[in-house]
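Letters A, B and C mark the chains in the order given here, with residues in each chain numbered from 1 onward.
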Amino acid sequence: MERDHDAPPEEATPVLEPADAAFEAEGGKRDDEADFRVDVDGYEGPLDLLLELARRQKVDLSRISVLALAEQYLEFIEAARRVRLELAADYLVMAAWLAYLKSRLLLPAPPKAQEPDPKDLAANLARRLRRLQAIRVAAERLMNRPRLGRDLFARGAPEGLDIVSAPIFRASLFDLLSAYARQRQKQALSHVSLKHRQVWSLAEAREALERILGMAVEWTALDDYLIDWAVTPAQARTARASTFSASLEMVKEGLIDLRQDRAFAPLMLRRRRALAAE
Amino acid sequence: MAEQESLFDLKAADVAALLARGPGPAQREVMRLCEAMIFASAEPLSEEEMLKRLPEGAELGAALAYLKAEYFARGVNLVKVGKKWLFRTAPDLAFVLQREQQEPKKLSRAAMETLAIVAYHQPVTRAEIEDIRGVAISKGTMDVLLETGWVRLRGRRRAPGRPVTYGTTDAFLLHFGLEQISDLPGLDELKGAGLFDGRLPKGFGVPQPRDDSALMEDEEPLGDEPLNESFASDLPED
Amino acid sequence: MAEQESLFDLKAADVAALLARGPGPAQREVMRLCEAMIFASAEPLSEEEMLKRLPEGAELGAALAYLKAEYFARGVNLVKVGKKWLFRTAPDLAFVLQREQQEPKKLSRAAMETLAIVAYHQPVTRAEIEDIRGVAISKGTMDVLLETGWVRLRGRRRAPGRPVTYGTTDAFLLHFGLEQISDLPGLDELKGAGLFDGRLPKGFGVPQPRDDSALMEDEEPLGDEPLNESFASDLPED
């Protein structure tokens, strides 16, 4: 089957020789219509061509002479071949079929059981032409209707209808209670495990010592300082240990003096005299 | 102007009779609301959508009938297309409006005829369209029609090869000013001429075109399979 | 909008008087044309533009006056803004142009847990909620809870920084099917329901919730100050 011409007209179609597409056909001379032209390009397939030929009979399509139509079609094809117009296979298949039909119509052969009545074939062809014609008319009427955007117009500047989404929340009491229990339980347990020791770091201890050094001109018990800085008993231990380490460090650096009168006696602490004199 | 009949399916006498009864104040308020909604909507508006916005118990059907009657003779008409409502300019005023609007893209003859066949014969397969036209349909033709939004793939025919069936859309009705598919111009004549039976497959003998979204008995859903219709297979793969 | 002519500068009596005189058939045709032109135009339409398209000698001013009167009480009004004309939905019908659609939404886990703590520990401050949960509450979580209508701002705690206190609402009771907040199950009931397992530390308790609308002793009214609760806590956010 040949592809129809939906593409823009300038696109070359495979159906015809380009230059001499339209011309007066010699075969047309015998036709009543002297201006019969061979121009396959104008037709959308053999059925369309047949329909056009049928129109030339100027009779109602229902009373068309299929025999005459077949002859005209064959003449057209013959004329096209004479000018070496390349015809798509469809046209040739139709020509062959019409030649067969013509012979059947002219020479009523002794009926063979398998072969259809040529009158039925002719009637069927006529009906196909009428159907194509009918759809052409329908398409025409459809296209001529008042059309939106051409003849009818919708509102030019519609405000628009909005749909605003309003969330509606759903939750069950069970969701609520299990959410509560879940996190309380989790937190209750994690508090226990996460109760890590609080550590008074060496740096913190030294910083504290340095800040109070100015006050410790005389021997002072280390514990007295700690009481001011570490309030909770838990912190006292880590504070004492870190401060002791820090104080040893500061002794080594020559910043303070440290003494203990006997074992387990309070540690005494004082700023170096030299520094105090400055 | 037989084509325009459906635009004027309200007769002037009906309009007068309807308006003579006169809507009551409550009815009039529903009319105002409908009028505002349809006016404001960028698309044709369904009755369901209107009902969602109207106070409960509003008599929508009556309000729309009154409104349509009131707009009957005006420069703007209220029309129903498919199952949706819209306002649009009266058909006889095209001359004053066309000037600045550009003509919609013109369809090729092949596309026009194919569209008409789809409209009048739907649901219809590609082979059936080709049978009527006597030529193969190019991929481009069907693509153009699908692109207009006027033609859609409906489903598949329950037949060997399970060919895709085509039908028209609400956008088709809207564009061609039809309330429903049975308003197609000349449909009765075409049916009467018996031209639609002939060589069409069994079960297709009913010439009444249908664009119902519901599939017909001999149709089935498209499914997930590729559309291996010849013009779909040419698509480049990416 | 100062230049906009008031929609109601036409009095109902004027309208009646104007329409009683009634436009003649020629006038009516000009009205139809104007109606269609203004309707179809994407922009407000000036009288000059209309005159260009109208038949010569058309009485535009009168036609527009009539049209405006006819649309006076409708759902759509013809209005003049500056020197141009347009149709607009009646201002009192704006509500119908917006429709609320309820969308079921689930609370996030964070929101659900926060809600539960507000319910049991109210009146409760954000810092207290965070302390119980061990994670910071994002502003979004609190916003969602306020949006549900189940949580409200009660007042401020009489404490440094005067933090806002949160509590539940009647809508909360209604939604969760509680008669009063004290109907929330206590620790034993929660344990009985299998929501807590046995591994609870000594002294672990569940508070007896109270949602008295009266402020508690350590609360004071919200006052006019802005709610500058900072939601940028050091705690990790959930």
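Simple rule for what comes next: a residue touches a chain if its C-beta (ideal position, glycine included) is under 8 Å from a C-beta of that chain, and two chains touch if they have at least 3 such contacts.
Computed from a predicted structure; not experimentally measured.
Chain centres computed from CA atoms place B at the largest separation from chain C. Among the chains present, the centre nearest to the common Cα mean is that of A. We define each chain's centre as the mean of its Cα atoms; on that basis chain A and chain C are separated by 33 Å. Separating the CA-averaged centres of chain A and chain B is a span of 28 Å. Rounded to whole angstrom units, the spacing between the C-alpha centres of chain B and chain C is 39.
Among the residues of chain B, those touching two or more other chains are numbered 37, 39-40, 53, 87, 89, 97. For chain A, the set of residues touching two or more other chains reads 153-155, 159-161. Listing the residues of chain C that touch chain A in their complex gives 36, 39-43, 86-89, 97-107, 109, 112-113, 115-117, 119-120, 132-134, 147-148, 150, 175-178, 184-185, 190, 193, 195-197, 199-201, 204, 206. The residues of chain C lying in touch with chain B in their complex are 31-37, 39-40, 53-54, 73-76, 87, 89-90, 93, 96-97, 99. If you check the complex, the residues on chain A that touch chain C are 153-157, 159-173, 175-192. Those residues of chain A that touch chain B in the complex are listed here as 1-7, 44-48, 90, 124, 127-128, 130-132, 134-139, 141-155, 158-161.
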